[in-house]
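One structure follows; several queries about it will come next.
Naming follows writing order (A, B and C), and every chain is counted from residue 1.
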Amino acid sequence: MDFEIILDSLPLYVHGLWMTVQLVGLALLFGICLAIPIALLHTVRNPLVWVFPWAYIYFFRGTPLLVQMFMIYHGAGQFRAPLEAWGLWPIFREAYWCAIIAFTLNTAAYTAEIIRGAIEQTPFGEIEAARAFGMSRLTMARRIVLPSAFRRALPAYGNEVIFMLHGSAVASVITLVDLLGAGRIVNSDYHAPFESYVTAGAFYLGCTFAIVAVFKQWEKRWHAYLRPRVEKPPARAPV
Amino acid sequence: MKRLATLFAFALVLGLAVGGAQAKEWKTVRIGVEGAYPPFSWVDPDGTLKGFDIDIAFALCKKMGAKCTLVQQDWDGMIPALLARKFDAIIASMSITDKRKKKVAFTNPYYNTPAKFARRKGSGIEISKAGLKGKTVGVQRATTHDDFITGEFGDEVTIKRYATQDDAYLDAEAGRVDLLLADSVAMADGFLNTPAGKDWEFVGPGFNDPKYFGHGAGIAVRKQTNDLREMFNKALDGIVKDGTYARIMHKYFDFNIYVKPLG
Amino acid sequence: MPDLYGYLPFILQGMKLTVEVAVLSLIVSVVLGMMGAAAKLSSVPLARLIAGVYTTIIRGVPDLVLMLLIFFGGQILLNDLGDALGWGYVDVSPFVAGTLTIGFILGAYMTETFRGAILAVSRGEIEAGFAFGMSARQVFFRITLPLMVRHALPGFGNNWLVLAKTTALVSVIGLQDMVFRAGQAGGATHKPFTFYFLVALLYLVITAVSDIALRWADRRSQAGVRRA
């Protein structure tokens, strides 16, 4: 294990780390914004309404992220003429935005399912009370359903964030220099697969631990009301 | 316990004897090729490897009196695979550079062609520090072209690195890069003269600076197998002298790509 | 619907390879999962430690990184090992690297699934087995294992679906699965979207069929269980 290679390449890895953070961060942000309306639409009774979110979720959860990304990145080339006509080509030209679009669509599907599951577990009494107050569906969603749904969804969403982090590694396949992209450059330059990929793996491991720690903090805070009451044991009396 | 030790030692000796015996006689040679670099190597729709590198490989083996098997290997793993003894030689248009000489040994060069930029027709991009500023250049990862663009213009351009040259052509066609930098001959045959590359043209001078591009493409072998290296050199001289090289060369090119003018 | 320019058989051949990788990886992952669960539940601290490190690393590092590491690095490792033990050259093909990697990765998730399933088997049944004088091995194979299947099924099904989609990554190390072939066909015909969309639909076929099979298995395993 040649540590000199790793030390020399650290700036490249840090650059890659920043790219990974951008890709994952933006994808999660846009993904949540997209997931909430999709989840809400899914809970509507009318089949003509929920069939669309259902199909979207089915497609993006049933196919690999790599294929979704290829569909957008390589596929955009096939539709260059209409994209240019609509002025969208500058976006699809960049691998960066193609990756973010693919990641966003993917995480939105999983997140929507998580949120929908959490919404459906809202205690019915709260819904009844909201209706008794005369709240509209939108107000009820905003004030009652969603806040408690987010709380319930926290552990599952933490998992999803980690999956998104790991999934983002495929961005390196379309020339983006994220953490894995940095690893591939180091591997080709020094012919050192161990050093290059183990370092990349170590960075990802560190990020994963960080995310787990953050979510543990949040769970501690927002699930405080779920913790069982613990009686403090009486102080030991001196012998 | 003692029985186990003797058994182990016996197996070790046997294994070493079998392993060691291979090095003396080169009756079969495994050659690593890429298969994604027309016209030097590519894969036909029916799966056969074709190209200049392939033909040279077979010609050299015939001259050496050895049986050759081709092993397809992607570029990123080429040298590690050689060192791991997946094959015994690399004939994949690999330029002889000092950086690579640290890990492997090369034969004499078997061809030398300059690198050139290509740009979209009508884009008017000039090859200079000013002209390239802010542009995106596509190169194959870990090639001399990658080293050159990083070293010379790394601050001016955005570099996109691809696993194969073919991938770079795809993105060029899709309009994702402003320029390509690759071997002039490979780019002409593999892209510019094909329908996919009809909107692209060469621009600027040919680049041949040995600092980045080395001294032509050579055959890489492990440093320990010097006897194989000598065999290849002798065979190379042989096929140049008896006209086999010229015949193969003219099958693909109507200009000289050897390091010296052919007699 | 364009006739796919005659590339359909080419893509379907790739699908066959995808399914092969998936099934073989599944077997590897189940074996590793059982071993891992046993290790995590064992009374030997070292076994628990190794299994713990295994699951933590796998769930902390992206699949693609592990795949490249095993494919490129594994070859060198195997060679050094081979040198030390006197073997000749042992090739690590993309198929072997891909299958082992995916099996290895999903083995960690299976470990957690099986561990939870084993713990969910009610103590009473196990105690009854011992009361009958069964040995520990008999109790495990005749009582714990059959009963744990019911608890493991949902997690197992989920893991299988994740595994099936992860097989797409083997295209990155050059294995000619359907994703790789879609790239080739798309490049040759200049219609990459068409072929990648086709491959997406083929993956949906795999997931849909799996879904039906898993739901049937779920129903069968729940037969006779009183539901709340």
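Keep this in mind: a residue touches a chain if its C-beta (ideal position, glycine included) is under 8 Å from a C-beta of that chain, and two chains touch if they have at least 3 such contacts.
No experiment lies behind these values; they were computed from the predicted model shown.
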item	value
Chain labels contacting chain B and also chain C	A
Selected interface, A-B versus A-C, where C-beta contact pairs are more numerous	A-C
From chain B, the most remote chain by mean C-alpha position	A
For chain B paired with chain C, centre-to-centre distance based on mean C-alpha positions, whole Å	37
Separation of mean Cα positions, chain C and chain A [Å, integer]	23
Gap in Å, rounded to a whole number, between the CA centres of chain B and chain A	41
In chain B, residues with contacts to at least two other chains	76, 80, 83, 170, 173
Multi-chain contact residues (two or more partners), chain A	74, 76-77, 184, 187, 193
Multi-partner residues of chain C (at least 2 other chains)	72, 76, 190
Chain B contact footprint on chain C (complex, rising order)	71-72, 75-76, 79, 85-89, 91, 174, 187, 190
Residue ranges of chain B in contact with chain C within the complex	11-16, 18-19, 22, 74, 76-77, 80-81, 83-86, 166, 170, 173, 196
Complex contacts: residues of chain A adjacent to chain C	58-59, 62-68, 70-71, 74-79, 162, 165-170, 172-173, 180, 183-184, 187, 193-194, 197-198, 200-201, 204-205, 208-209
Chain B partner contacts - residues on chain A that touch it in the complex	74, 76-77, 80, 89, 93-95, 175, 177, 184-185, 187-189, 191, 193
Touching residues on chain B, where the partner in the complex is chain A	76, 79-80, 83, 103, 141-142, 160-162, 170-171, 173-176
